[in-house]
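In C-alpha cells below, several structures.
Shared between the two complexes below is chain A, which pairs with chain B and chain C, respectively.
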Partner chain A sequence: MSTQSYAHEVRQYTIGFIGAAALTILAYLSVKLEWYDATTTAIFVLVLAVMQFGVQVYYFLHLRGEAKPRWQSWSFVYSMAMMLIVVCGSLWVMYNLNYRMGMSGEQMEQRMLEENKKGF
Partner chain B sequence: MDWSWLTGRLSADYLPQDPVTIGAAVGMPLAILAVLVAITYFKKWGYIWNEWVTTLDAKKIGIMYMGIALLMLARGGADALMLRAQTALEPLGIELFDTQTFQEVFTAHGSIMIFFVAMGAMFGLINIALPLLLGTRDVAYPFLNSVSFWLFFAGMVIINSSLVFGGFSNGGWLGYPPLTGLEYNPGPGVDYWIWALQISGIGSLLSGINFTVTILKHRAPGMTLMKMPIFAWSVLVAMVLVMLAFPVLTATLGMLALDRVAGMHFFTSDGGGNPMMYINLIWAWGHPEVYILILPAFGIFSEVVATFARKRLFGYATMVAALIGIMFLSFVVWQHHFFTMGAGANVNAFFGIMTMIIAIPTGVKLFNWIFTMYKGSIRFTAPMIWFMCFAVTFTIGGVSGVLMAVPALDFQVHNTMFLVAHFHNVIIGGVVFGYFAGIYYWWPKVFGFTLHDGIGKLAAYAWQVGFVLAFIPLYILGLMGAVRRLDSYDDPTWQPLFIVSGIGVGVIALGFALMVIGMAYSVWKRKELADTTGDPWDGRTLEWSVPSPAPFYNFAITPRVSHRDEWWERKKAGLKVPTRSDYKDIELPKNSALGVYIAVAAGLIGIGFIWHIWWLAIVALIAVVVFVIKRTFDDDTEYTISADTLYKLDKEARA
Partner chain C sequence: MTSHAAHIKEKAANATLGFWLYLMTDIMIFASLFATFVILRDGTNGGPSGQELFNLEFVMAETFLLLVSSFTCGLAYLAIKHGQKRRTLVLLGTTITLGIGFLSLELYEFGELYLAGHDWTHSAFLSAFFTLVGTHGLHILIGIIWAIALGDYISKRGTTPDAVRKFSLFALFWHFLDLVWIFIFTVVYLLGAIS
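Presenting the complex of A and B:
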C-alpha cells in the first residue's frame, strides 16, 4: 500500500472513530442532562442512531469501489433486508401485543369505547 | 472492615444445600483434580500447552470442540436421566429434587445441550472438515478461531461452576423475564446463565465471520461456488445466519444483564419496560438458531448419502436453492414460538403460514437424499445407519412442527410435552444424528483409523430405539394435557407413559455408552482399523485426497478443482504422482497463547458481573483490550515450510 493511500485510510478511520464517539456521547448527554422532554429525546436519540449507522457504513465498511464479486455489498443488502424484517416485524408484533395485552384495565376500556364509537 | 468491594456478594450462603447437588459439587472438582494430577505425573503439560492449548490448527481446534461437546453431552444427559427419573418415580413418593432444584436442572440441561453440545459439535465438525473440503490449508483467520474456541471453553467453565457455587438459573433455556428479572431471581443463578451464553455467544459470532470469509475467499483455485461440496454450502448459509442472529442474542442478554445490575427497565413491567419484548427478541435469534444447528447436519448427510450410495448428489442446484430459501425464511417465522402470548389473528396467521412455507425447502432436501439413494449401490456403514434413523425420525419431528404451525392447534399443545417431543424429535433425530454421522464419517481422516463399524451401528440403533421410547410417549402426554417442565403431577394415568419415557432415556444412555466404548475399542484396535489409503469410504470430495490422519498443512500441493466431485473424477481419470516441482513453499500460522489469555480475561469479566466484583470486571476488560492490541501489532505470526521439507513430509505421509 502506498504511503498516500495509507495516510488517507488512517484519516478516514480517525474521522469515523471521532464521529461515532461524538454521536454516542451526544446521545448519552441528551438523556442524562435532560435537554429535551421525553418524546423529543426519543426522536433525537433515534436520529443520532441513524446518523451513527451512516457514519459506520461510510467510514468503516468500504462499500464503494469494491471489486467483483461484491460480497460486502451483497451481504450489506441482505443484512439490511433481514434487519428491516426483524425490526418492522417486531414493531408489528409488539404493537399488536401491546394493544391486546399491554393495557391497563382502564386503558383497555377507553380503547374499546373509542373503537366502538368508530362502529364496525 | 467491609470487604464487599473486594469479594462482591460471594458468601458461604451460596454453597449447595441438597444432597444430589452436593455430590456433584464435590465430585466434579475431584475429577478435575485427578486429571490435573495425572497430567503432572505423566509430565504432559508441555505437550498439552504446545500441541493443543496454543495451537491454531483448525483440525486440532475442531478435536477440542468435539471433546468438550461429548463431555457436555454426558453432563446434559445425566441431567436428563435424573429429570425423567423424577417424573417416572414421583407418584411413588420418591423425589430426587425439590421444585427449585428441578428447575435449575432442566435449565442447565437445555442450555448445555444447545450451547455447549450442539453448537460445540457443529463448530468442531466444521473446523475439522471445512478447510479440507474446500481444498485450503486453514480457515481465514486462524487466530480468531482459537479465540472463538477458548471463549466457548470459558463459557463452558462458567456454566459448570455454577454447580459448585451459587446455583443455576431456574428460568429455562431461554430465560424469560419477569422470572429471570431481579425481582424474582436476585441471586447469581441467572447471571451465570447470562454470562455463560454471552461469552460463548461472542465466540460463535466470531466463528461465523471466520467461516463465512473462509468459504467466500479461501476456496481452492477453480472451485466456483456451484462446485463447492454441499456441506460447504450448508455451512455458508448457517454461518450467515450466525452473523445476523447472534448479535440479537448478545443485545437481548445484554439488556437483561443491564436490568439486573444497572437498575434498568428494558424487560420489567414497570419503568416503561416490557417483558414481551424479550420473548420477541430472543426468538428473533432463537428460530434462526435452530436452523443454524440443523443446516450443517443436512450438509453432512448430503456428503454421507452421496458417498455411500456411490452416486453424485441428486438435485445439487435445488439443494442450494433450498438453502438460500431457508436463509431468508428463517427470519420471518419467529413469532410461531409465542402464538399464545396474545397477538391477534392477523399476526398469528402470517407467521403460521410462513412457518408452513419454510417446511417446503426442508422437505425438498429429504426427497433429494432419497433420490440420491435410488438405484445407488448403497453400503450400510455406521454413518449411513445414522442417516436412515434420521430420515424417519426427523420427518416425524417436521410433521409435528407443521402441526404446531397452525395457531389454532398450537393453542392446545403450546408449552406441553407435545412441544418438548417436537423439538427433541428434530434436534436429536436431526442435529444430533447428523453430527454423529459426521463423527463416524470423518473420524479416520482425523485420527488415521476408522471407528469399529459394528459397535457404531449398535449405538445408532440404541439411540433410535431409546429416542422412540423416550419421546413418543411425550406426544401422547402432551395431548393429554401434561405441561412441560413438570416435576410432579396428580393424574396417576400419566405415570406409565412417564415410566416408558424414563426407560427410553436409559436406552439412549446405553447408546451413548456404546459410542464411547466403540471409540475406546477402536483406539485399542487402531492397527487393524488403520486407514492406510486416506480414502476409506471411496469418497468423492477433496478431504479424501490427502493421507489419514490429515497432515497439519492439509494439502502439500494446493489442489486445482474442475469438478463438483473433484476427488471422484480424479480417481476415474487416473491419479498422477506429483513430482518435486509441483511443491511450493507454504506459510502456516505460528502458535499463539493470546487466544487463551483473551478467553481467561473474558471469563473473569463474567465472574466479575456474576458476583458483583466490579474491580475484577474492569481489570479483566482492560486486559482483553490489551491482549487484542498486542496481537494486532504482532507482525511475526507465520512461519514457512520450504518446498523441500514439504516434499519429504508428503512422501513419508503417503508411504
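Presenting the complex of A and C:
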C-alpha cells in the first residue's frame, strides 16, 4: 500500500473525529446555554446524535463501498429497523397505556407513588 | 495471488462478518435497555431525577476520553495495516489509557451516586440508569482487557496478517462502543438535564 493512501485514510479518520467532536460540543452548548425551549432542545440534540451516529458509521466503521452481496450493510439496516421498532414500539405502548388510564406519565408516576405509600 | 494469501483474505472477511453479526445482536441488547430507560426515566419514586444527579461537565470529560480513544484506535488500525509496529503499539497504548480513564470516571460517578444513597434499589429510574450505563461500562472493561491482550500479541508476533485481522475486529468493537455512548450521552445525560 502506498503512503498516499495511508495519508488519505488518516485524513478520513481526522475528518470523522473533528465532526464528531464538533457535534458533541454543539449538543452540550445547546443544553447548557439553553438556546431553545425544552422541546426544541430535545429534538435538536437527538438530531445531532443521529448526525454524529452517521458521521462515525461512515468515517470510523467504514460502512461504505462494500462489495455485493453487502451482508454487513443489510444486517446493519435490519438491526436499525429492529432497534427502532423496539424503542418506538415500547414508548408507544406505554404512552397508550397511560392514555387509556386517563393520565400522563407523570400523573401515573404520582398515582403509583401514592398507592405504594398505602402498602400492598 | 497465491492460494495462501487468498485463504488469509477469506478468513479475514469471514471473521469480520461473524463479528459484525455479533455487534448487530449487541445493538438489540442496548435497544431494549434504552427502551427500558426511556420508559422508566420519570419513575423516580419520589427521589432525585437525572437533572439533580448528573454533572454535564463531568460527562463531557467522559465523552471526550472515549471519543479520542476511538480516534486513536482507528489510527492504530491504520498503522498496523501499514506494518508500523511501534506506532501501532503507541496508539493502542493511548487507546487503552484513555479507556481506563473513561472507566475510572464512570466508576467514580457510580460510587458518588451509591454513597449519596442513590443506588439502583432506590427507584425504577436508577435501576434502568445503572443497568444501561453499567452494561456499556462492562463492554468497555472487556474491550480494555482485549486491547491489552492484543498489544501483547502484536509486540510478540509483529504486524502479521493475523494480527491485522485481530486488530480490525477490536477496532470494530471499540468504535461500536463509542457509537452506543453517543446515545447514552444524549438520551441519558443531555435529555436528563433538560427536563
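Following the convention adopted for this analysis, the second predicted complex is superposed on the first by the 95 of 120 C-alpha atoms of A that agree within 3 Å, B and C clash if a C-alpha of one lies under 4 Å from a C-alpha of the other, contacts with A are read in each partner's own complex, and residues count from 1 in each chain.
The criterion applied here is as follows: a contact is a pair of C-beta atoms (placed from the backbone, for glycine too) under 8 Å apart; a residue touches a chain by one contact, two chains touch by 3 or more.
It should be emphasised that the depicted structure is a prediction, and the values quoted were computed from it without experimental measurement.
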item	value
First (chain B), second (chain C), both or neither touched by A:Trp92	first
Per-residue contact with chain A, leading partner among chain C and chain B	C
Which superposed partner A:Ser79 touches (first chain B, second chain C, both, neither)	both
Contacts of A:Met101 with chain B and chain C, given as first, second, both or neither	first
First (chain B), second (chain C), both or neither touched by A:Trp71	both
First, second, both or neither for A:Trp35, with chain B first and chain C second	neither
Partner chain(s) touched by A:Leu46 [first = chain B, second = chain C, both, neither]	second
Chain B/chain C common contact set on chain A	71, 75, 78-79, 82-83, 86, 89-90, 94
In the complex, chain C residues that touch chain A	16-17, 20-21, 24-25, 27-28, 31-32, 34-36, 38-39, 42-46, 56, 60, 63-64, 67-68, 70-71, 74-75, 78, 81-82, 172, 175-176, 178-179, 182-183, 185-187, 190-191, 193-195
Residue ranges of chain A touching chain B (in the complex, touch as defined)	71, 75, 78-79, 81-83, 85-86, 89-90, 92-94, 96-102
List of chain A residues in touch with chain C within their complex	1, 6, 9-10, 13-14, 16-17, 20-21, 24, 27-28, 31-32, 38, 41-42, 45-46, 48-49, 52-53, 56-57, 60-61, 71-72, 75-76, 78-80, 82-83, 86-87, 89-91, 94, 105-106, 109, 112-113, 116
Of all residues in chain B, those that touch chain A in their complex	216-217, 240, 243-244, 248, 274, 276-277, 280-281, 284, 328, 331-332, 334-335, 341-344, 346-347
